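Structures follow.
Consider the two complexes below, in which chain A is the common component and chain B and chain C are the respective partners.
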Partner chain A sequence: MTDPIATLEIESGASTRRWPIRVVVHLLTFAAVLAVWVVASNQGWVSERILPPPAEVLESWWNLASKGILADHLGVTLWEVFAGFVIGAAGGFIIAVVASFWADFRSVVWPYMVALQVTPRVAIAPLLFIWLGFGALPKIVLAATICFFPVLINSLTGLMLVDEEADQLFRSLGATRSQRFFRLALPGALPVIFAGLKTSISLALIGAIVGEFVSAQEGLGLLIQRFSFQLNTSAAYAVLLTLTVIGLVLYGLMELADRWIVYWNRDDRLHHRTEHAASKHAAALIRISKNQ
Partner chain B sequence: MTRKFLALLIAVAMLAAACGSDDESATADCGTIDFLQPIPESIIFWPLLVSNELGYFADEGIEVNLLPGGDLPETAFVDNGTADIASAGGPEVLQAIDAGADLVVVYDYWNIAAEGLVTLAGAGLSVQDLVGGTIGLVTDSDLATVTIIFDQLGLDPSSVDTVVLGESPAILAESLESGTVHAVAGAIMDFIGMGAAGIDLVDIAPDSFRASPTASFIVTPETLDNNSDCIEGFLRAWAKGTYAGLHNGDNTMAIGRAAVPEEWEDEAVGVASYEVSVAPQESVGGKDFGVVQTDVWQTVANQLIAAGELDMAEIDVDDFIDQSLVDGANSWDRSKVQVDIDGYGS
Partner chain C sequence: MGKSRPLEDLRPRTSGQTDCVIANNVSKSFGSVVAVDQVSFAIPNGYFSALLGPSGCGKSTLLRMVAGLIPFEGSLTLHEQPVEGPRPEVGMMFQTPTLLPWRSALENVLLPAVIRGRDEDDRERALHYLHLVGLKDREFAYPKHLSGGMQQRVSLARLLMTGADVLLLDEPFGALDEFTRERLNIELLRIHAEVEATTMFVTHSISEAVFLADEILVMTPGPGRLAGVVKAPFDRPRDIDLMRTPEFTDTVFAVREMLGATI
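Our next item is the complex of A and B:
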């Protein structure tokens, strides 16, 4: 099981390109986007009320950051995101594990999982406040319910796609159920699970912000609302920019965790480990991985 | 349709909440009072900020736990016991009572309609000029504002097109200035940012529309029976804060700046938010603060019934208005409050 993005990069030659060139390409792309933004603002193609110039946004961001306003609200939002992500991801993974073992449980629970997924969370957000009261809890639960499903579906898919021949080999060697799970099924599923986790962490951020839009005393979602109502568009964009950066950082952290934990799925990491830290346990996992 | 669907969802949620929880009634001891208002801490509702800062709630033995309601139905949270007391608009209270909620209105503190029908100041339009034109709505519920205003002026509400624009003041401003819409119906809070940004707006709603119970305090009958002293203490602290804010605007704004700095990121917006909320919070006719205007409530109720917004054929507002706490809420020394607010920061 390989990471589709990594596969695409390899196929397109991106990963073989030297890193300075890649950095330059990224910088040029970013500069081009910024240039279009600046020209659009300067030429009046888009009203400054709708899209303020980047310089104004950066100035607003600096104002908010230097006064500590961003930091105060950032902590609240991050807590909701992390708590929601941990609960949602753990819940999705645990249910997927149980469902992968017991077909009856899977058939009973699955319709409810799908129903939860197709129910618009924005619509049930007000109800969560009625059920759970105010404060962080309804936002955490909202984030958890939104980020739950990708982990569930990816984990279940990964755990169900056990290589039949490898499984037969494990059985013939007398491996216990737990050994087959921890040594075969779970390592094989991890790349897919991490794909779900990367999606989920972004969704957790969205869930927390949606919750703050409904009702909040603190948080970046509240700040966006305040500044939007005040027609302080540059400040609203500054908060939005902060959220975007947070989203990228969270995604990047998951990517790093993916690279670190699922090392056998990345050639460079695999080589690094085999060359510098080859152990019996790692070698066993690599063999299993190669068998897939 | 949307409102009925939401009401159904809320009813189901409340039923579930009632079944699944211990019966923690709305009654609060005077330690903490859960207070729900439609917006987070803001200079617009300065009594909360001022009374917290000057210690008026503490004097009553009260710690206020603010529940920011946002777009959530305040009446539902009082009815299910989440909030001990809440600020809610007249139409929402009437609709909740129409749906069977058991609520009591104990205090009016915002006596001018928070809704308005605005046009660009330079356009020179009256409501009559809007016939055949297009009115933008901040939310679909603002259609009621258009309907009531047109009814009051003897105009046919269906003679104008309406379009929901959303809550973004940027979109509202662009729609007005581009001529996409000729007027916008919404809450005055939706227009504060536009005004502070230099967009001159004029409210063309008739005076008869402005008299409205826009923000009133509601409790359950059980809370009123079991916890009236604490509720009266809350109202007294609120009234003191209201008076302090009316007496000394500069110091009130200073309290607002310290409490909610992000609201003052654009100073003009903060000042405009204070100024726009002065007139609605003045006591009606120089009477006590919080006097519930039963005649205005009855008028609004009748209008909503006529507009088909309420299922009841008739409603007597005296059935759910209780003014027994208003006298006690006004029993305090105004000169002392003046000294307190004038001395703030010195």
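Our next item is the complex of A and C:
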């Protein structure tokens, strides 16, 4: 499974440009979008019902934020996203590990995994409320079932990708099964696993919000729904923008974790590690040169 | 060809005492395809022998059998004990460097020690081997920042790190350019002499085989059989000038003729 946002970044060539220019381009684009928005609502091109002016959205946001309403509901939604993501991702990863070791398990369980994936999880939501009540639990489970598959398929793909000769090398060195897993298969799979995790974290947010749409007493999904029913568009936009920011932050955190853990795909991190090791072992190097 | 072709009739030797690897009617099939068919040979201790043949003649398969990586029929002994699985005294090197991209050159060389559960103590020995294969100043570089030739040097240092006295090399420099390959071959000979290891070297280059080896096991394709053994009894240490001598050319042609007779 590819990572759509990362692909977009590469295709847009943003990473090849120097950063001051990049920042300026982004700021200008943002200003232009904002300007069109302001003009469109001031000139009455679109009804305020559909697109309220930015100032009004900001005011609504400040209203919600200063009364602590936003923070309360945000906390609920974030908890559902976090718990759903952890459960779904961990479940997907563990099943992938078992399946990578055990071909029979793979062939027996696989059809059910695919069936789960092709069933629209949103359609399960009403049933989840029958099974699990009306608290946070059905939302967490919904988020988890949506998160689960990208991590499962990416982990399994990554773990099965082990280079044949590298595996023979490990066996010829007398490596145990667990050494072959932890020192060869797992690190090799990490880049692919992280692509799955990045997809999943965004999906977890969708799962939690959809769950709140179906039935909720609290959460950002509930707020959006309530404001929409009240035709309070500016408040709905304020919540929506909050969700966008949350989505970006969650994705950004996964991206950071990816860069940190999968350091070998990044030249700057590799150079840094090389220099660090060289200075750390400088004394040993001198000792060896003297002996030679 | 000359009257005194350095050919030798092939029967399993019986001496045993000084032989390192002895194969007796070794066969391997993958499904209905016979990859290696009734191959017998013996390689004396400390010998450098080349396993030569066209692609698909089963020479890599044969090497993996000696390494204990794949099951087979027939009998195969190493240091007078039957081959039943991977052994610590056997080291392998492949056509691809098979380096772990998340480990630096030094950490890759340390891998055999790590797998055997002692990494820290061996760091200086690993650095020594990296210097031996000509990678001074690149000890901490990651594979991504090393050229193909340098990566294969790291792989060679890792092989030395195993402390193996039986080296199994599967076209180790086959993917490199001619110049790098020649240089690494000369270094390989130097290392072979230094560690006094028994070496089996798979290649499909006749001149490479004759240049490196004490004897060349010539294999035929589909199913892989042993056509015969050609001796290359040139003095060591060898250098590239050896290739200019008529004896070298004679040996190359003897091998060529044996290959020609079997294809």
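In the analysis below, the second predicted complex is superposed on the first by the 259 of 292 C-alpha atoms of A that agree within 3 Å, B and C clash if a C-alpha of one lies under 4 Å from a C-alpha of the other, contacts with A are read in each partner's own complex, and residues count from 1 in each chain.
Keep this in mind: a residue touches a chain if its C-beta (ideal position, glycine included) is under 8 Å from a C-beta of that chain, and two chains touch if they have at least 3 such contacts.
No experiment lies behind these values; they were computed from the predicted model shown.
Of the two partner chains placed around the shared chain by superposition, chain B is the only one that A:Thr233 touches, whereas chain C remains out of contact.
After overlaying the two complexes on the shared chain, residue contacts for A:Gln217 are found with chain B alone; chain C is out of touch.
When both complexes are overlaid on chain A, the residue A:Phe134 reaches chain B alone and has no touch with chain C. Contacts of A:Lys290 after superposition on the shared chain: neither chain B nor chain C is touched. In the superposition on chain A, contact of A:Asp163 is made with chain C only, not with chain B.
Within the superposed three-chain model, A:Arg49 lies in touch with chain B and out of touch with chain C [touch as defined at top].
Contacts from chain B toward chain A in the complex involve residues 6, 9-10, 13-14, 16-17, 40-41, 66-73, 76-77, 80, 82, 167-171, 173-174, 189-190, 192-194, 196-197, 261-263, 265-266, 269.
Residues of chain C touching chain A in their complex: 64, 67-69, 86-88, 90-92, 94-96, 98, 100-102, 104, 106, 111-112, 114-116, 123-124, 127-128, 131, 139-142, 144-145, 162. Considering their complex, residues 47, 49-50, 60, 63-64, 67, 69, 73, 123, 126-127, 129-131, 133-134, 213-217, 222-223, 226-233, 235 of chain A touch chain B.
Looking at the complex, you find that chain A touches chain C at residues 163, 165-166, 168-175, 179, 183-184, 187, 263-264, 267, 270-271, 273-275, 277-278, 281, 284-285, 287-288, 291-292.
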